[in-house]
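Below is one structure; the comments refer to it alone.
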């Protein structure tokens, strides 16, 4: 099963994990992205996430379906935040359950790597003395 | 920081994750082992875990220290259950936080792979019609 | 043609959507038209065009009723 | 010498510890002594000896005061 969400409310990691659990699952891998206090040596004040929501949901669903086609996994959940996040807040949670751990690890890692390449969500880093859209410029 | 535990009480995944979180952590990888309902086509009734606890804690600590030496990670938590577990129960939780996700994934996977090879903990699978110590025989 | 904009493209446009006279063009042609009207777009690492919520190929022809968006380099996660 | 046993080794011994006459032997020699006394150990995939909570090398000499354990194939996780 696949569960995809973009939310302006805080992500609930426990609910995400509960959702993927099943009696057939022996290995569950969870990736949690968190807002770090520093980027390239600069203190981060906050991050602002913006999504092209309809398209982002479609791209997230493509990733989850890809994962199910490539690896023997049971359940795949991808939740992403939008809006303003502070240090320690959780922009993204990905959870994959599988009978065996290798598939769960491979699938979870593929999902976050691909999400960062294809899903139309953008983050602006806000510093004490400025701000920048991540990856926008060479 | 390192946190190691063998417990006869249910593992609390949320507390495990909370413990590793820190303002420097951008990527957290969590591995959760769960008791599957089937093994090699046979219905599992329960698992019984036995540990040589003093030695197991030392070996788990070695893994955590190894992980910290091999990868740029912040916090490593390894919790393992002992006693009788039913389908869906959680024998093991490993959580690794790092500034960047690659180290968290690599370290978490190394930790569970190594735990399964070196930590003196044993599980007996109990079926409807028999039981066996996993990996005991060729 | 209405073009939706997000992230830095929204800031360059000064608006979440702009109207462009470009009916019947391909995605690649639309990119060139946008770069001429908004030279700061040329300074981005790259940008893509999405049509009806899917990444467009350079040769994708855009129709009047399509939902068109400019997708600057993504940075989710 | 008292030898602690876990998992299937505990079941083979019929006890969580057995006393073996083997003072001053190496870990490898202790393995052979145990296999003779408990032939079912030879059917295991393998088993190790731990001395004072550490895996012993085959040549590790075991002293009277050491905590000695037999470690059948582990299967945690």
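Read from first to last, the chains carry the letters A, B, C and D; within each, the first residue is number 1.
Simple rule for what comes next: contacts are C-beta pairs under 8 Å (C-beta built on N, C-alpha and C of every residue); 3 or more make two chains touch, one makes a residue touch a chain.
Everything quoted here is computed from the prediction, not taken from an experiment.
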item: Contact-graph separation of chain B and chain D, given in steps at minimum; value: 1
item: Distance between the centres, which are taken as Cα means, of chain D and chain C, whole angstrom; value: 70
item: Where chain B and chain C are represented by their mean Cα positions, the distance between them in whole Å; value: 48
item: Interchain centroid distance [CA atoms averaged], chain A/chain C, Å; value: 25
item: Residues of chain C engaged with two or more neighbouring chains; value: none
item: Residue list for chain A, restricted to those that touch at least two other chains; value: 33, 112
item: All chain pairs that touch each other; value: A-B, A-C, B-D
item: Chain B residues within the chain A interface of the complex; value: 13-14, 17, 21, 23-38, 87-88, 97, 99, 101, 104-105, 108-109, 112
item: Chain D partner contacts - residues on chain B that touch it in the complex; value: 33, 49-52, 54-56, 58, 80, 91-92, 112, 115-124, 133-138
item: Chain C to chain A touching residues, read off their complex; value: 4, 6-8, 10-11, 43-45, 50, 53-55, 69, 71-77
